[in-house]
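Mind having a look at this structure? Questions to follow.
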Amino acid sequence: MKNNCPESIVEIRDVVFFRDAKPIFNGLNIKIPRGKITAVMGPSGTGKTTLLRLITGQLTPDRGHVCVEGQDVAQMSRDQLFAMRRKMGMLFQNGALLTDLNVFENVAFPLREHTDLPEKLIRHIVLTKLHAVGLRGTWRMMPSELSGGMARRVALARSMAMDPEIIIYDEPLAGLDPISMGVILRLIKRLNDALGITSIVVSHDVHEIGSIADCSYLMADGKVIASGAPDELRKDGNPIVQQFMAGMAEGPVPFHYPGPDYEEQLLGKVAE
Amino acid sequence: MNLGAKEIMKQTRAVEMGAGLFVLLGFGALFFLITQTTGLSNEIGNTGYTINARFENVGDLKIRAPVTISGVTIGRVTSIAYDPERMNAVVEMMIADQYRQLPDDSEAAILTAGLIGGQYIGLTPGGSETWLEQGSQIEFTQSAVVLENLIGKFLSSVGGGN
Amino acid sequence: MNDWLCEIREGIEAFVRSVGELTLFFFNIAIYSPRTLVRRPGLVVKQVFNSGAMSMTIILTCGLFVGMVLGLQGFDTLQRFGAEEALGTFATLSLVKELGPVLTALLFSGRAGTALASEIGLMRATDQLAAMEMMAVDPVRRIVIPRFLGGVIAMPFLTAIFNMIAIFGAFLVGVTFMGVDQGAFWSQMHANVTVADVNQGVIKSLVFGIVASLLAVYQGYTSVPTAEGVGRATTRTVVTTAITVLILDYLLTATLIG
């Protein structure tokens, strides 16, 4: 397997992870290069969100290592873990804004929790971050008043509030209209280019993410089955990769969930 | 731009106001319960002096039963014990400090408040010029009236009349 | 045959495990509670408002009518013994020792407890708690503890307010409607209700406050992060609180009286 992603900030080595005795990962190896956009793609149910939780230390692997900046996440104390997370921002699928705070307070939240900055400075930072995502005008609105795309942008502003070194995007494009999608994609790209933030994007929007990613990993069956630049993936000979990249209904990933024989079940020959 | 901060401040203030009013009302209610539903005269506390009296029979008398004089509560029963040597009951009672001047020849009787009320100790002042003190004993006592004995006496006297 | 034995065993195991989980959860809360109270009093004040002040309507309404029913029933019963003047004593003792703390706890769990459970459950379901963890903020300290403390502080006050309004309700019916002598109503009460009786109710309300708040935040925090899971967490809050409060009430009464 080729790897053209040098100098990794996050490294996942031979990770095995079980959920309820069902293997989610079975020898997973991923290297996330510093200062680049890395896409982690895969069909639904391949544990993409689980992967993110492993990187952030919300879950610990049953075997193998997850290292961030060379440190094993599983062996960190709670304080070390929290210190590491301060250097990370994470954008959740639906934004996960705190519903009882308005937009301004949501972005100010990490600052208020972790710093004793004067109110004036906090306001300055919050407005700068909101301006960066183009939503400075919404600072008084409550999260319930925002559209899905806007909520995600506010959440992005919030994850940037502490000036993180890594931002993790969990399905940043899921359920968005094309315009919002374009906005988010541009934001991810710009943040990466301008600030040199390492970006990890988990998604199954192959083409959109492929257009901005520096390198991609494709997961299936708890393993990485292909990696490299998006163009290389498209040329990969693996039939699963082909099916995923081209969006075909039938292929190695079957259309039908395994079940008894169709005809026999219709004729009532299968015990209920 | 300051409007947002002001609005939040206003909101915070309203919350603080509401919580404050609630807590004050709660304290008020607690105060009401403790002072207005309970008789303060019930609580003579631990300041006072203890005297005791011996009774043949204390009947239904309970610890904490009131001790009264002329119907005014001046103290509480603090302990009731049986003295096996003299074969009678020893009742200790605490009298509030402001009632220091009780004649030492006063009489103590166990009385009943109403038909179904509890029993209490009624003191009747004597004529002595010296007062009861901490640890004094009341000499003159009158035991509780036990209903069964009373009825028995009444029946036998009726029977005797025939 | 062995199937249902197995099921019973699993059920008992699950129960014991959840009791253990709840206990650990409580210790985790208890350890950090004083610090939260000192460092973030604003958060706690907000929750005292949410759990306490926002429960006032239900407490005042229910308290008034419970007191009025006590006045009516008490009068009817006591009158048969010619002891209707003991109505004040009867109502006050019933309220401060038993009905006040228990009913307030049940009403609290219905109003504030379900609100807490669903709020925290929704935060879990919409990844708000996970987002906090990602921002290196401990959701137990930031979200759970202030809500727990708010409930614990609010409960004794709610109970006292419930009792006061209920005594007023009993007075209203007994004295104003039924014609019990006003002086006798109060003087009998003064003669028979002691501070110890009131304290017994206060102790109960403190314990119930801890129990009702703990169960509410626990059910919310451990709820399954789906719409259905949040709904089930609110239901479980009311059911577990009601059962625990009534069992504890018996134990407390036995201890405090015995």
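Order as written gives the chain letters A, B and C; numbering starts at 1 within each chain.
One rule holds for everything that comes next: a residue touches a chain if its C-beta (ideal position, glycine included) is under 8 Å from a C-beta of that chain, and two chains touch if they have at least 3 such contacts.
Bear in mind the structure is a predicted one, so any value in this text is a computation, not a measurement.
> Tell me, please, which two chains come out on top when C-beta pairs in contact are counted per chain pair.
B-C
> Need the central chain here, defined by C-alpha centroid distance to the all-chain C-alpha centroid.
Measuring from the global C-alpha mean, the nearest chain centre belongs to C.
> From the C-alpha centre of chain A to that of chain C, how far is it in Å?
Here the centre of chain C sits 42 Å away from the centre of chain A.
> Once you find the CA centre of chain A and the CA centre of chain B, what distance in Å lies between them?
73
> Centroid of chain B to centroid of chain C, CA atoms only: how many Å?
33
> Can you pull out the residues of chain B that are in contact with at least two other chains?
none
> Considering chain A alone, which of its residues make contact with at least two other chains?
As it turns out, chain A has no residue touching two or more other chains.
> Would you please write down the residue numbers of chain C that are in contact with two or more other chains?
Within chain C, no residue contacts more than one other chain.
> Taking the complex as given, what residues does chain B use to touch chain C?
12, 15-16, 18-19, 21-23, 25-30, 32-34, 37-39, 41-43, 64, 116
> Touching chain C in the complex: which residues of chain A?
Against chain C, the touching part of chain A is residues 56, 58, 82-83, 85-86, 88-90, 92-94, 96-99, 109-110, 113-114, 155, 158-159, 162.
> Spell out the residues on chain C that touch chain B in their complex, using ranges where they run on.
Those residues of chain C that touch chain B are 42, 45-46, 48-49, 52-53, 56, 81, 83, 92, 96, 153-154, 156-158, 160-161, 163-164, 167, 189-191, 193-195, 197-198, 201-202.
> Which bits of chain C are touching chain A when the two form their complex?
For this pair, the touching residues of chain C are 122-123, 126-128, 130-138, 142.
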